[in-house]
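Letters A, B, C and D mark the chains in the order given here, with residues in each chain numbered from 1 onward.
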Amino acid sequence: MKKGEIAAIIDLNEDGALGSLTAARPIGTLPFAGRYRLIDFPLSAVARANVYSVGLFMPRSSRSVQDHVRSGEAWNLDLIQGGAFLFPYVATRDYANAELRTRYYDNYSQFLRRSGAPYTVVMGARNVANIDLAAVLAYHKLGSSSITALYKNVTPNRVRADDPLLTLSELSTASAVLNASQQSLSGHEEKLPRFMEVYLLDTVYLLDLLDQASAAGEFARLPELLRDAVLEQNANAFEYTGYLALINAVDRYYQANMRMLQERNFQSLLYSSIPILTKSKNEVPTFFAHESKVSGSLLGTGGFIEGSVARSVISRNVTVHRGAVVEDSVVMQGSKISNGSLVRHAILDKGVVIGPNLVIEGTAEAPLVLSKNQTVFKPLDQEANTHA
Amino acid sequence: MTGGTGGGSVASEKRGLYGNRNVGDDLGGRSGTRLGKLTKSTAKPSVPFGGRYRIIDFTLSNLSNSGVDTVGVITQYQPLELNRHVQNGASWGLNERGAGVTILQPYASSEGEKFFEGTAHAIYQNIAYIDSYAPEYLLILSGDHIYKMDYEQMLAQHKAKKAALTVGVMPVSMDEATRFGIMNTDDTERIIEFEEKPAKPKSNLASMGIYIFNWDTLRRYLTESYATGSGLEDFGKDVIPAYLAHNEPTYAYAFHGYWKDVGTIHSLWEANMEFLSPHNSLNIADRSWRIYSQADANPPLFVTTSATLDRAMVVDGAFIAGTIIHSIISRNVKVGEGAVIKDTMVMPDAVIGKNVHIDHAIIGENAVVGDGGEVIGTENEIAVVGYGEVVGRREKE
Amino acid sequence: MKKGEIAAIIDLNEDGALGSLTAARPIGTLPFAGRYRLIDFPLSAVARANVYSVGLFMPRSSRSVQDHVRSGEAWNLDLIQGGAFLFPYVATRDYANAELRTRYYDNYSQFLRRSGAPYTVVMGARNVANIDLAAVLAYHKLGSSSITALYKNVTPNRVRADDPLLTLSELSTASAVLNASQQSLSGHEEKLPRFMEVYLLDTVYLLDLLDQASAAGEFARLPELLRDAVLEQNANAFEYTGYLALINAVDRYYQANMRMLQERNFQSLLYSSIPILTKSKNEVPTFFAHESKVSGSLLGTGGFIEGSVARSVISRNVTVHRGAVVEDSVVMQGSKISNGSLVRHAILDKGVVIGPNLVIEGTAEAPLVLSKNQTVFKPLDQEANTHA
Amino acid sequence: MTGGTGGGSVASEKRGLYGNRNVGDDLGGRSGTRLGKLTKSTAKPSVPFGGRYRIIDFTLSNLSNSGVDTVGVITQYQPLELNRHVQNGASWGLNERGAGVTILQPYASSEGEKFFEGTAHAIYQNIAYIDSYAPEYLLILSGDHIYKMDYEQMLAQHKAKKAALTVGVMPVSMDEATRFGIMNTDDTERIIEFEEKPAKPKSNLASMGIYIFNWDTLRRYLTESYATGSGLEDFGKDVIPAYLAHNEPTYAYAFHGYWKDVGTIHSLWEANMEFLSPHNSLNIADRSWRIYSQADANPPLFVTTSATLDRAMVVDGAFIAGTIIHSIISRNVKVGEGAVIKDTMVMPDAVIGKNVHIDHAIIGENAVVGDGGEVIGTENEIAVVGYGEVVGRREKE
């Protein structure tokens, strides 16, 4: 595989119902596993495959993406051969305007032409995985279709009504992408091919699709175009077998973090042949005081732990004061839990401050979410938060 | 500034400062023997410190925070790891166009081949480099001290005193003074006498090996001395005495704060233990004077259900299944179940097996202590496992 | 002056009637003097003043800005101490929405707070100058006002009705910014203080202004806020004495380029103590063939000149074929002029191709403008272009 | 690849390639005398070429375009300018994390101080550097040739032939063959004999000084030879003969295209004049194989009304008031009114005064030819003005 053989489009305009967690940030910059943002996973796959040019199609709230990606240096996207190209958000209402519609497709086309790459991968950030694009490309080259779609076989209990599935044929090709609710499932399937919302395409084919779409009278976003292409073309179907988590709901986000506490998953996602690269911060080491208790947890740097932490994912710069207990929770950077408080089955967004001697408790199925910079100094009106 | 000859690129007076690392006993090809095995294959400034740093990070961060933007790092002993760590200085914000960090190693010229024979000789050999920036002042530093210092304040005093040379000094106890180069000053901070490790010190101002020179004057002293065959090789031994003998205005600048020479195994261990204190006097967590280090992206720290952490400093990439008591664990260190590590500094990428017992030790980078192994030192005799050294039983593959 | 003592806001939402030249790019990325983009001038001033943090407030067409600025490396904006922060365009209609209005001010405030800089410079890109911000800061510190405004004394014939002027008092302070047409001028002034649309402010004062604006009921953009502040506060008035060109009309853009052909102006703008930094391109040297004639012109690299060039500004990668004549013109990158053609008093945007034996001619007052990638193989309908 | 021991960072086979510059006569501290004054204060690879480049740009661009991402640049002679030019390799896209360009200079170790005594000895001294990337193949290059070459194709042949060593060769005329190291091959391109500058060449395949080695094998040859005191110092003189003597599979890879050794004043001048041809066979303007150089931002070229340009290559930053005929003018060169420059290469930042006459010359960086000065050479005796040299009357300040 040559360097620069693939160009990448990372579309950050993804849907998901994560309440306050995605109020001011796109899914792509959600913190994950105490150390990462979701966008690190596609960017790392891309870095590993020597992709020179990455087009980032920005969501409405793009500041957090820009802050995180910056020059793209962490993923080798600051080389003269290419770079990270950020394309501004275009609001849906603008597509009524034919000129803006044309510009939407033109942004993709120009980026692809300039990249000079014969293949293009299109990915999002809400499917957390560790994808070896070199293997996908090799598979794509063997396949007969100009488009390859990635899926993972999952047990039916891990599929929800609006999860996309591939409709697979005998010949390892996919004839459609349909949500689970649109499929006629027998209910006796042992596994279902959950679509990972990742495509690898011949660039010339993708350019054709964009040209056709630009000429068409009505607007369709890139993901819709690609779904239609699978239907028309039959896609090569590539089975991914590594760790996968789809982050499109609060409970799934919570569970995906909790699954990282199992050493097997941790190793599979973070110590595979594809190193997960992220922007580094200059933080001091985390200090564990005398009489602190920490067990079965992940922790970032810069923390100060005097209390107890169990089965939790703790980002950088978190303070757990003496006598405080954090269990089965996700705590994002800069949060502070004061002495004597209990946090259990909760997600604390960045900069949350919990005063002393409080109980912050959700359930494993419906974790309590505290929003960014929320300060809690008296018992919560829990109703308000569980539905946040 | 050099009266404008620096041209368009000299923006502020600070741009005229140069940090040059002079590794006393690394120069001349000696192997920094006081750190023993730890400096067999690497230069002292690249020895890991405090879980997340290398020793030179403190000096480079001080330079960056002081607004110095042009830094030459003089080295000749096993520079590979140091070069890789420093790279283009971007980790410390020292990567400005037309400035930045340059590694200065021995080289050959039409006059022949020469290794550096001392700190001052190294400067003499790099006159062309320094001249290319046309600085007014040259700041000379060591790369093996742990401290936070604003060199800009020292420069302000240097200018106010119209000094030719200013020497950074630390007040020490009279007992300790016998181990240092001692500056005897008059009422105006002017240095009137310099005594190397005096038996009966007259003052307690120990040289920190930090100098600010007027470059024109130093350049003249160096070129004239080498032209006449009496080359000034070392700053402490040769240059300061020459300045004093010629009555050049030489002043002391007193520094107050945490400062530690980590030139021996014991002082390196001790400095790490001091660093471990949550309220260490270095104030490492102070965001107004950050200590930067090379950026790297490791997974978060993984603490298993069998781990115990008691007064421990641990960083990302580590995997802890054992018991850590009053110790520092660096990045990517693995500690197996049942292992007990106490009063110890473990350097990056070391692997500590199951049921290992470590006490009062320094474990080098990439070292392996096999299952059930023991590394036991005492406060007076710190145990050391060298870089990549394998002790105890090997883990099964 | 300490490093990082100033933060910079470069507002790229500037007005100007430059027809097709600014149809797909903001004024900030207009090519200038055969080598630069207008934004290079504020960015170079900022680099020279050791500014760590630069906020770029993006125009609607932001791709050319992103392509040019990238990581900001050329201007030392890739240091860990700061960086170039790109803030997305917010359409005017959005300001009806109170939340988006708040976000507008909040973007500025957050950026300023994070920079930690005690002073802030606010600049645009349409005033081409070579500003020593260290001198401005020294002046600002001596002044009694929290805001300093920059002006240059120009002869009245160089002032147009909608050019902004400062209203100066005896004490070298400015009491207002008004367009020339709003001022009662006697007509006998020897010089007029043309405002350069550059402010230096105490950051805390600017944060106050933003907070007040955010609380106010109606929307005002930053430039309006600052004009009002001059009125209320009296600003320190700093007189700039170097080269200045205001680029807000086609003829002014043309004339500003032509003035660069005078050695005095060229030296003053480009060889002062502030080096003008720009993104470098790996181009081959320009080749001048046997019998080529070049006189009194500026040329970029990568060119191939067989014909005649006189009194013109030629960007990189321009081809002038044998027998072709280019006079008194501005030719942007990648344009080609075929054999036997004459180009005079014209502005050729990027990638224009002129076929053989044609005459492309405007006047010094109304230069003919050919738009980007325009291909001309038969005589032009000149009417259409002069009004472009 | 080394069977996976390279670990997670080895993405493609190309990552295992290393470019190492071996500057034949720069090593051992000799001053590249064949380029005379031009290499008094700088290494040959950093000599300017073609108005916009330095010689090493061609090799570094070839490496980047061939997909090599880890490059060690071996140097010991006057490396300052070369280091500054190469920096972190970003100008050539060679700044990948975990890879990139490393300058390898002489250093001291616990075994003592050693300058490089030859091309192969330099590799021997840097085994630790190379091992740290665990490559399967090592590409060895010179940094003083002007050419465009895809090393990936050479590697493909190396692998297909299962070679231990592949040598890049250029077919030359039989006349010229007497000046080169000549490889005599069998029908399968296998090298059966190597003759250094043979009086009666048996073949016309001249060595280009480009080698691909299997690292394991080369490493063994080097360590064993130095362990037994018979160190292999030079690739041409020692290593190739040793490989042939031990019957290691050694093949020639024939390169077709423009290739020029610019090791003498005359060949440097000639290569520049060839480059000047608008349709030079190097095809410099081909965008599919770009030659990159260090980025710098100069003002555009200024051509006054008194200038004449006739078969001239000129770059940005130049200021031309005189007449340029069949010459190359580099960045920031000033040429005064009435000056005539013919068949000449003028290096960056030179100042040519008014009414100067220059013919068949190379003008060094920062040189000054004062008003009315003359620098006249002939095709057989190119005139040279050295770096920073001042000839003729000085301009008035």
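Please note the rule applied: a contact is a pair of C-beta atoms (placed from the backbone, for glycine too) under 8 Å apart; a residue touches a chain by one contact, two chains touch by 3 or more.
None of these values were measured; they are calculated from a predicted model.
The greatest centre-to-centre distance from chain B, using averaged C-alpha positions, is reached by C. Listed candidates were A-B, C-D or A-D; the one reproducing the B-C interface, defined as more than half of contact pairs identical by residue number, is A-D.
Centre-to-centre separation between chain C and chain D, using Cα means, comes to 41 Å.
Note on chain placement: the centre of chain A and the centre of chain D lie 46 Å apart, centres being C-alpha means. Centre-to-centre separation between chain B and chain D, using Cα means, comes to 37 Å.
Those residues of chain C in touch with two or more other chains are numbered 73-74, 78, 80, 275, 277, 282. For chain D, the set of residues that touch two or more other chains comprises 292.
Partner chain B is touched in their complex by these residues of chain C: 1-3, 48-50, 73-74, 76, 78-81, 134, 272-275, 277.
The residues of chain D lying in touch with chain A in their complex are 8-9, 11-12, 14, 64, 67, 69, 90-93, 95-97, 292.
By the touch criterion stated above, chain D contacts chain B in their complex at residues 28-31, 40-41, 75-80, 83-84, 87-88, 102-103, 105-110, 112-113, 115, 128-129, 132.
Interface residues of chain D facing chain C in the complex, by the touch rule stated above, are 50-52, 278, 284-285, 290-293, 295-305, 307-316, 324, 328. Residues 58, 62-63, 66-67, 70-73, 78, 80, 83, 85-89, 107, 282 of chain C are the ones that touch chain A when the two sit in their complex.
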